[in-house]
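These are the structures, in structure tokens.
Common to both upcoming complexes is subunit A, partnered first by subunit B, then by subunit C.
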Partner chain A sequence: MDALSAVLQGLPMTLMLTLLAFTIGIIGAVPLAVGLSSSNVLVRLACRLFVDLVRGVPIIVWLFLLKFGIQIGTFKFNPVGAAIVGLGIVSVAYLAEIYRGGLQSVPRGQGEAAHALGLGRGTTFYGVMVPQAFRIVSPSIATYLTGLLKDSSIASTIIVTEMVFQSQAFARQHPTVEGILPYIIVGILYIVLSLPVAYLSRRLDSRMRKAIYA
Partner chain B sequence: MTWLTEWAGYLPQMMSGLGVSLLIAGISIFFGYPLGLALSLMVTAKNLAVRTVGLAVVEIGRGAPALVILYLFYYGLPKFGIAFESITAACLALTWNSAAYSSEIMRAGIQSVARGQLEASNALGLSQRDTFFRVIMPQGMRSAIPGLMGVAIQMFQGTSLAYAIAVPELMKSAYNIGSQDFNYLQIFTLAGLCYAAISMPATWITVFFEKRMARHT
Partner chain C sequence: MTLSEIADGRIAPRFGIKLDNISKRYGDHVVLDDVSLHVEPGTVTALIGPSGAGKSTFLRCTNLLERPDSGTIQVGQHTIEPGKEVNSRDLAALRRTVGMVFQSFNLFPHMSALKNISFPQQKVLGRSKEEADERSMQLLERVGLKEKASQHPGRCSGGQQQRIAIARALALDPGIMLFDEPTSALDPEVGLEVLAVMRELAADGMTMIVVTHEMQFARDVSDTLVVMADCKIIEQGDPRAIMSDPQEARTRRFLRAVLER
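Up next, the complex of A and B:
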């Protein structure tokens, strides 16, 4: 299976892009989600505008903007750097929106009860609100991760040597019927790769449900 | 301010690209929604073969990246003598995509209709067809509206991938202009703003609908 081994050459890059961008998103989205639920109107509007703007622009535009548009002194992004930063920024915006939804769905009474018990603001937020919100949003985060895995394929358009790029390369070298194989294989691979995430999220979800209602 | 005057100069070429983007998005939604409905019926069908085919079409359409489906149509199928123009390939790939996504949303919408509605229709002696098309579907589709609008926005953004197979859409227009003067920052910023100018208000309208729906249930 030449086609399979050609496609698999891109697998480490696909996984690296996905996981690094996801890490940026998971961390970067925290302050943004706090800003989105801030009581200060200006902060909230600024964060809302940022999130909507980032989500309103297709990923390929972000990647091209970073790869070709950014030049600070002698610094230019290499393809991998542009892909990680681009996918990272987009993840920050999407995950912040998911976090905000989670925080909002925690009943108000929880915060008020924590306040009444004399807990500090930090403890209330990180010890009471966040753990409950996380339970609510963990399936959405898993869904986003599988989406991000698929979106990492867009990095092939700025010549990052991930799976789709390798499929393209193989198909170009094999103009015969064999040339369709890598596209079929890579499509199946994406589906197979997202299965463990879906499985994990379902398990996490059912465990967390038990934890809440136990 | 020089940016603004230069943007004004680029705008005609960008607008023709935007027109192509909107056309592709429009076609993929126009065909994607009915196909999505058909797929959602296939997935819930009693016949195992029908169900399996439906499920496979949906899972590939949702599970494989749009770019891969695009390449499959444009670079893959010609190897079997089935060749499309780039814009046709883009429309076919995105239609598959939108059908797969919308089928899941419609299925969820239909399943969210209370069982009592079905039982009441049976009790009233409505035929199976009337029950589905006049009782279940209208209610199910209502709750699917915000999700389907989300798919439409996703498809509009997805048209930017057609750049990769040289469809003269918005992204391709931007790239062409950029490669003439090497003012990539400027031109891709303009391209981003063009996409955002449509996606952002569309998202706000969707959120508005979502909130209104939530109020009525």
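Up next, the complex of A and C:
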């Protein structure tokens, strides 16, 4: 099983890319989502522009731009750095849009009740709006995470040694029928990796539903 | 212990409220046209009138859920001019003094009944969890829902949810309570249990402003009946007098529609 061990060499990098980019996204999207629903037109416009710009350009283009297009003094991105930043920023944009949708689908009366009770802005946001929005968006976030896991393979194009890169390397060294093997394996690995995410998300979702109707 | 003693908290004073020359428009559409209303401490004011008259908007202007374009609001020693910049301390003071109950209850669905009532106490009044929970249990018992403390609102009937919402507002020791069609989302039988709680509250001397279509309640419980139509108050006074002998043709038409059906 040379093919398997070759592909597995890329597994830690795939996981690291995915998790770091996801973490950046999950956290960075919060202020952006707030900005997207800000009452200040300028703030809202700037955030909207950022989201649409980032989402409008394919990930592969962002990665090339970051890897080869940026040089500040002597600083240049190494492949892994460019991939993490690129996938992270894209995640910020997508997740912010998901958050915004969630926040807007919380009934208006919830915010009004909080204001009428005299709860402050922060308490209203984090104590009332966010928990309800999270319940609404948690399946979408899980879907995004499985998407991101697969999109991390795009980093192979800027020479990040993740699973698909390793598969390609193996295939090049074995230009026979055997060369197809790593691709089959990597496909199965992606499925295996996304299953627990989907499972956990469904469990979380049903637990939160139970919590509310219990 | 009566409801008002609980609502009083330790020593919450009764408040009146004076709303003067309140106007509100959305673009070209006038919603409130120079409306004034004075509510004496410890009295119940019922606001009735056809839909679209501006009753709810007027009520929501009282605690600035809607921001009027002009006018003054005077509660206790505080005078607020909503047309100008309202500083956050005045706003907080106003909302602390004025409790509100909504047509759609608006309980927080992710919190148990108990937490719905305790959470605002902890955040707004800075009570400890134990103090807040103790008070919440008192109020839940008073509205007859002690056994629902650990349940989430989704598991409670509409009438139960509304009573929990009343307890939630009372827990902050308001001097005035606003009710925005509190029984309109409930079927008539279930509405009775909510009205019973409100009657008791009124009997205990809580200052209340109630937007309602419950004519019986308005006649029996309120001290002042206010009729709104076309963005204005067209008639106000003793509820029995107005209901039996309305001075305005518009009032007569409205009362005929709601009483003689």
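We take it that the second predicted complex is superposed on the first by the 214 of 214 C-alpha atoms of A that agree within 3 Å, B and C clash if a C-alpha of one lies under 4 Å from a C-alpha of the other, contacts with A are read in each partner's own complex, and residues count from 1 in each chain.
In this section, a contact is a pair of C-beta atoms (placed from the backbone, for glycine too) under 8 Å apart; a residue touches a chain by one contact, two chains touch by 3 or more.
If you're wondering where the values come from, they're calculated on a predicted model, not measured in any experiment.
Q: Now for A:113: first (subunit B), second (subunit C), both, or neither, which partner does it touch?
A: second
Q: Name the contact category of A:21: first (subunit B only), second (subunit C only), both, or neither.
A: After superposing on A, A:21 lies clear of both subunit B and subunit C.
Q: Which partner reaches more residues of subunit A, subunit B or subunit C?
A: Comparing subunit B with subunit C, the partner touching more subunit A residues is B.
Q: Kindly classify A:127 by the partners it touches after superposition: subunit B alone (first), subunit C alone (second), both, or neither?
A: second
Q: Kindly classify A:29 by the partners it touches after superposition: subunit B alone (first), subunit C alone (second), both, or neither?
A: neither
Q: A:52 contacts which: subunit B (first), subunit C (second), both, neither?
A: In the superposed model, A:52 contacts subunit B only, not subunit C.
Q: After the superposition on A, what does A:136 contact: first (subunit B), second (subunit C), both or neither?
A: In the superposed model, A:136 contacts neither subunit B nor subunit C.
Q: Intersection of subunit A residues contacting subunit B with those contacting subunit C?
A: The answer is that subunit A has no such residue.
Q: For the complex, which residues does subunit B have touching subunit A?
A: Interface residues on the subunit B side: 59-60, 63-69, 71-72, 75-77, 79-80, 157-158, 160-161, 163-164, 171, 174-175, 178, 184-186, 188-189, 191-192, 195-196, 199-200, 203-204.
Q: Note which residues of subunit C are touching subunit A in the complex, please.
A: 63, 65, 92, 95-96, 98-100, 102, 104, 106-110, 119-120, 123-124, 151-152, 154-155, 168-169, 172
Q: Which residues of subunit A touch subunit C in the complex?
A: Subunit A residues touching subunit C: 107, 109-110, 112-113, 115-120, 123, 127-128, 131-132, 135, 211-214.
Q: Which residues of subunit A touch subunit B in the complex?
A: Those residues of subunit A that touch subunit B are 52-53, 55-58, 60-62, 64-65, 68-71, 150-151, 153-154, 156-157, 164, 167-168, 171, 175-180, 183-184, 186-188, 190-191, 194.
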